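Labels run A, B, C and D following the written order; every chain starts at residue 1.
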Amino acid sequence: MLIVMETAASQEAVKKVCALIEEMGLTAHPMPGAQRTAIGVTGNKSRVDADRIMTQPGVKEIIHVTKPYKLVSREFYPEDTVVQIGDVKVGGSEFTIMAGPCSVESREQCLTIAEAVAKAGAKILRGGAYKPRTSPYTFQGLKEEGLKILAEARDKFGLLVVTEAIDTETIDLVAHYADIIQIGARNMQNYSLLRKAGKTQKPVLLKRGMSATLEEFLMAAEYIMAEGNRKVILCERGVRTFADHTRNTLDLSAIPYVKRTSHLPIIADPSHGTGRKDKVIPLSRAAMAVGADGLIIEVHHDPANALSDGPQAITPDMFESLVTQLRELAPVMHKKC
Amino acid sequence: MLIVMETAASQEAVKKVCALIEEMGLTAHPMPGAQRTAIGVTGNKSRVDADRIMTQPGVKEIIHVTKPYKLVSREFYPEDTVVQIGDVKVGGSEFTIMAGPCSVESREQCLTIAEAVAKAGAKILRGGAYKPRTSPYTFQGLKEEGLKILAEARDKFGLLVVTEAIDTETIDLVAHYADIIQIGARNMQNYSLLRKAGKTQKPVLLKRGMSATLEEFLMAAEYIMAEGNRKVILCERGVRTFADHTRNTLDLSAIPYVKRTSHLPIIADPSHGTGRKDKVIPLSRAAMAVGADGLIIEVHHDPANALSDGPQAITPDMFESLVTQLRELAPVMHKKC
Amino acid sequence: MLIVMETAASQEAVKKVCALIEEMGLTAHPMPGAQRTAIGVTGNKSRVDADRIMTQPGVKEIIHVTKPYKLVSREFYPEDTVVQIGDVKVGGSEFTIMAGPCSVESREQCLTIAEAVAKAGAKILRGGAYKPRTSPYTFQGLKEEGLKILAEARDKFGLLVVTEAIDTETIDLVAHYADIIQIGARNMQNYSLLRKAGKTQKPVLLKRGMSATLEEFLMAAEYIMAEGNRKVILCERGVRTFADHTRNTLDLSAIPYVKRTSHLPIIADPSHGTGRKDKVIPLSRAAMAVGADGLIIEVHHDPANALSDGPQAITPDMFESLVTQLRELAPVMHKKC
Amino acid sequence: MLIVMETAASQEAVKKVCALIEEMGLTAHPMPGAQRTAIGVTGNKSRVDADRIMTQPGVKEIIHVTKPYKLVSREFYPEDTVVQIGDVKVGGSEFTIMAGPCSVESREQCLTIAEAVAKAGAKILRGGAYKPRTSPYTFQGLKEEGLKILAEARDKFGLLVVTEAIDTETIDLVAHYADIIQIGARNMQNYSLLRKAGKTQKPVLLKRGMSATLEEFLMAAEYIMAEGNRKVILCERGVRTFADHTRNTLDLSAIPYVKRTSHLPIIADPSHGTGRKDKVIPLSRAAMAVGADGLIIEVHHDPANALSDGPQAITPDMFESLVTQLRELAPVMHKKC
C-alpha cells in the first residue's frame, strides 16, 4: 500500500501518519520527493483498514499496490532514485562508469589499473577481493588484503570503490572498506545476504541472476529495501541461453523495462554480459543508447596473465577509446558522462 | 578455399583462374573488390590440388578456409558488402530504415501507413502478403492482392518493398512484385526455399531463426550465396529464452559478431525482438549504437485493430520520433540515416 | 466447436448434421468413436449459430472449444487415436519402435542395418533420403535412389518405412515410396509443407521444433489435420537450452502433457534428443516409463564412418539390448512391445 | 591426482602414503573400496612430484586427473558411493523415496502428512522450516519451531528428516535437528554455505541450480567434499528454459551423465521439476527408469490450502499410487524400493 501525502503536508503530518501505521503493526517507509512525500506501507498480510489512514490530515490518496514488489516499484516512488555517494551520483541525468580488474591480484596490478581508469574517466573502481569461483581449487581472492589495496587506490586516485561481498560473515568487513557493496549474480537469491546488505545502509550494487526473471530481480532488490536501505543500484549482466557466440546473452531490453517498472538506477555489465573483449565496446555504446545509467567494465593492463576472466577484460587503451565514444553519445541521450 | 589475386592482376587472369577451377570440377565465385579480386572456391570434398592454381599468372595467395561458411565469411571477402537496390543502399556507411505494417490488411491501411513512414524517413516499405501463422484458422494474408497493394504503395511514395516469401510455390510471385524477398525466422532452415531465394538473384532479407546459433544463421546465408546471389541482408530478430518480460530476447551481441565474421550487412528487428511497443524505440537506438546497418520496424496507424501483432506495432507519431532520435545518433556512429 | 452425437444416433443423422454444417459455410470433421460419433467444426470466424444444429435429431451436446487447437484436442476427440498402417499400430496399447540409420548411405549399409533392426524387434525402418543439412556443402542424401533402397529393405525384411520430406517439390515422391512421411524439427512451422503432408492422406510423423512451445507443436499438427488427415504421430526430439552435456534437452514432460491435451500418439527420439550414444538407452527406458507410444532410434553398424550424426547412433548390439530392456518394462506400463 | 593402491596393500601402507602426501603440503583423501583403496590428492597448484609417491610400498598406479572436479569424479573413486544414514541407504541398489510437505506449516499438518508418507513407503521426510522465498513479504517458514516438529515426526513414524539450510547462521541449528541437510537450487553456488555444509560432516542433499551446467553442479559438490565430507547426494530438480507447459524442464539426461562422471548418488525432484501435480507420477516413473537413486516428492493432504507450492503437491492417495507403480518398476531396474 502506498500513501500519497498532499504537496503542502507538513513534516509533522507525515510523522503522525507513520506513527499510526506502526501502531497498526505495519512498517512505514516515508519517501520524501521533490514535490511531495509518499509513504510506503509493508507488513500487511491482508487488506489494511485504509479508512483510519485516509482521515488523517495531509493524506491525499491511498494506492493499493497489487504487484509483488512495493518499495522498488515506480508506482510507490514515481521519481528516479539517484544514489549519491560523496560527489558521485548514480541515476538521473548521470552516466557513471565503474571500471577495474576482475580480481585484485597484487598492489601493483591494482594501482596500475586504477590509475589508468581514473585518468580515462571512471569514477568508481571495481575489483574483487572475495571471488566466488566455480572450483574450490582456483584463486579465491586476496580477501582483506585485497580490500586494503582497493582502499589505497581509492585514496590515491580519488575513486570510489565497489567490491563484492560473498557471505554474511565477511560483508561487514567489505562494508568497512568499500563505498558500494556488490551482490553477485550467484547470490541474487541469497536472501540472508541481501537482508544483511540492506542492514549495512551502504549503497548496494545488485546483479541480475543468470536465469532470473525481472520480477525475481526486482524482488531481490525489495529484500534490500525492506531493511530500510534505499540506495540500491541494479545491474544487467547477461543471462544464460542456448547462444554460444558469447558467454552470456546481454538482455538490454531489461533496462527500459526496469526504468519503467522501478525508480531504481540500472547499469550494464558488458564484460560478463558477453565474456568477449571485442564485444565490450559495441555493447557499452548500446547500453547507453538503450537508457542505462552507467557501466561496470573489466579492465586489465595484461589480460593474458589475469588470474580470472582474462578473455573479457579490455586494455586501458581500449577503455580510453570506449570513454571517448561514450562522451560523444552522451549528449544525444541527455546524460552527463 | 580462397584465391587472392594480385592487385595488378588483369580481368583476363581472373577469368583464366576461374576456368581452371571449373575444369577441376569445382565452382568459382569471383569477388571483385576495390583493391583486388578474390576468387572463392566451393564444391571441393577433399583438399584441392593448390599447386596447379598457384602457378597461374596473377595469383598472389591461396587461403584454405576451415570455417564451415565460405562465401559469407569475411576471410573470403574482406570488404563490407553493400547491397544496392535502385538508389537505396544497405550496408557500409548507410543506416537504412524499413517500416510498415505487419500484414497488408487493405489498400487503405497499407497506403496510409506507407505514406506516413515515407514522410518520416523510411526508404523501404515492409508488409506481409503471405503470413506464416501459428494457427491455420487465423488471417493468412491477402496474398497476390497484398503484393499488388505493396507495389502500388511503392510507386506512389517512392519506397522499395520488402515482403516475405513463405514457400517455393509462391516465391516467384513475391519476387515479381518485391524489391527484397524476406525469409522469415520460421523458414531460416527451409533449405529448398533458401536455394530458390538464391536463384531469384533478388536481394534477400534473411531473419535469424528463433533458436539458431550464429553459425547456423551464417550457414543459412551460405545456402543463398551458393546459388550465386551475393545480395543477402541479415536480420537479428530476437531469440527464445526463459525471459518473460519481452516476447523474444533481442540478442544485440549478434551484430558485432556478424560484422566481424562476415562481410554481409545486418539489421535489427526490435518489433519482433521485443514484442512490446514501448521497447521498440530504446532497442532501436541500441541497435544503431551496437553497429547495425539498419532497422525493420512495424508501424500501424491503429494498432488496437491490427489483424496481427498489434502489441508490437508503434504508431506513425512514435515512428517519427524514433527517426528523429536515430538521426541525432547517426553522426556519432558515422552513419547516414 | 464440437458436436457430440447420441450413442444411438444413426449414420444418417450424422450425415445430415454434416450437411447442415457445410451449408453454413463451415467444415465438418466426423470422428466415429467406439461409443459415439463426434463432429468437429472448423472454419468459423465468429460464434456459430448453435441453435440450428442443436435441434437436429441425434445431437446430444455442443461444446464450444476455446483452445486454439481444435482437431488435435482431446476435448474434440476424447479417445486415443491409433494410427494403423498395415499390421502395425502406433498409439493405444502399442509401443512401436522405429529404427535405422540417420541417412541412407548405400544399398549395402541400409540393408545391413534394416536386417539387424528387424531381427531385434523394430517394426518400422527409419532412414533419411533427403537430408536437411546445416551446410550446403555436406552430404544431402541419396534422394530418389535412397527412397528405392528403403523400399527394397521394406520388402525384404517386412518393415514399414518412415523417411523425411523436406519440401513441397519432393513430398509426393517421398509419399510414393514411404509408409510414413516424416516432417523434421526444422520444418515444424513450414506451413505449406504441413498442408501438403496433410493432403497426401498418408500417416505423418511430426517432430517438435527446436524451440517450439507445446501449443505451437500442437498447432502444427492442426495444420495437417485441417486437411482431413487424422493419421498424425507426434515426436518429442529435444529442445534447445543452455545445457551443454547433451546436444539437445529431451523434454519428457511433453509426453504426459500431450497425452492429456491431445488424442494423438506421441513417441520420443532419444538419439536427437541427447546426441550422445551412451544416453540413448536410459532415455529410451524413461520415455517408455513416462508414457510414450514408441521410439525412433538411430542405429548404425559402423558409427565411426557414418556420413551424418555418427556420435548419436547406437550399434545393432546396443539396439538389441535396448529392445530387451523395453520388453521387460512394457508389461509394467501395460504396453505391447 | 589419484593414487591407486595394490589390492594387497596393508592399512599401514595406506597411512604411510597419506603421511607423505601431507608432508608435501597436500591433502590426502583415502577412499577404501571393496577391492582396493584409492587415495585422492588435492591442494596441488602445479604438477606433483609423483616419483616420490610411486616408490612407496603398495602403490600400484598414479592417475593424473585433468577434469576440474576431483573428489566427485568417478575416475577418483570408481565404485558407487552409498550414503548410509542409520538403516537407510541412498545409492547403490537402493531406490530411496523422500516425501513430505513443501513447508512445515503446523504440527498437525506435518504429522498428518508424515504419517501418510511413512505408511505408503517413504523412508525420509522432507519439509521446509527455513524457506527461501522470492518475496520478503510471504511466509518464510516456522524456523526452529518447524525443525522441532520435523524431529517429532521422525521419532513418531520412524522416518529420517531432510530439510533445507538457507544460510551459514542457521545451518548448525538445521544440522542439529536434521539427518540430511538440503542445499537448495538458489544456493547451489553459495560457496560459503557449501563449505559449512561440508564441515558439518552430515549427509548433504545438493540441488542443481536453475541454470547450472553439470560441470558447475559437480563443482559445487566438490566444495562440500573438499571439506572431507563424502556423504553428498545430488538432485536434479529441473532447469529454466523457454518451455512454458511446466514450471521448469526436468533434465533427466543429467542422471545418466552424473552416474557416468561421478560416483555420487543422484535423485530427482519431479515436484519442482515440473511444478504440476499431474506430471509428478509419470516423471517419477521416468526418473526411476533413467537410473535415478531415488526421488524427493512434495505431498500435501490439502494442496488447495498449502502455504507454498500448492499446485505441485500430490495428495497422500496419489503418493500411495506412485509408490505402488515404482515398486512394479523397481525389479526391472534391479533396485530395491
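Here is the rule we use: contacts are C-beta pairs under 8 Å (C-beta built on N, C-alpha and C of every residue); 3 or more make two chains touch, one makes a residue touch a chain.
Small disclaimer: the values here were computed from a predicted structure and weren't measured.
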{"item": "Between B-C and B-D, the pair with more C-beta contacts", "value": "B-C"}
{"item": "Centroid comparison with chain B (C-alpha atoms), farthest chain", "value": "D"}
{"item": "Cα-centroid distance, chain C relative to chain D, in whole angstrom", "value": "38"}
{"item": "Euclidean distance of C-alpha centroids - chain B vs chain D, Å", "value": "50"}
{"item": "Inter-chain centre distance, chain B versus chain C - centres from mean C-alpha coordinates, in Å", "value": "34"}
{"item": "Chain A: positions in contact with at least two other chains", "value": "211, 215, 239-242"}
{"item": "Residues of chain B that touch chain D when the two form their complex", "value": "211, 240-242"}
{"item": "Of all residues in chain D, those that touch chain C in their complex", "value": "211, 213-215, 239, 241-246, 249-257, 260, 273-274, 278-279, 282-283, 285-291, 325, 328-329, 332"}
{"item": "Residue ranges of chain D in contact with chain A within the complex", "value": "42-43, 68-70, 132-137, 166-169, 186-187, 189-193, 195, 210-211, 215-216, 219, 222-223, 226, 239-240"}
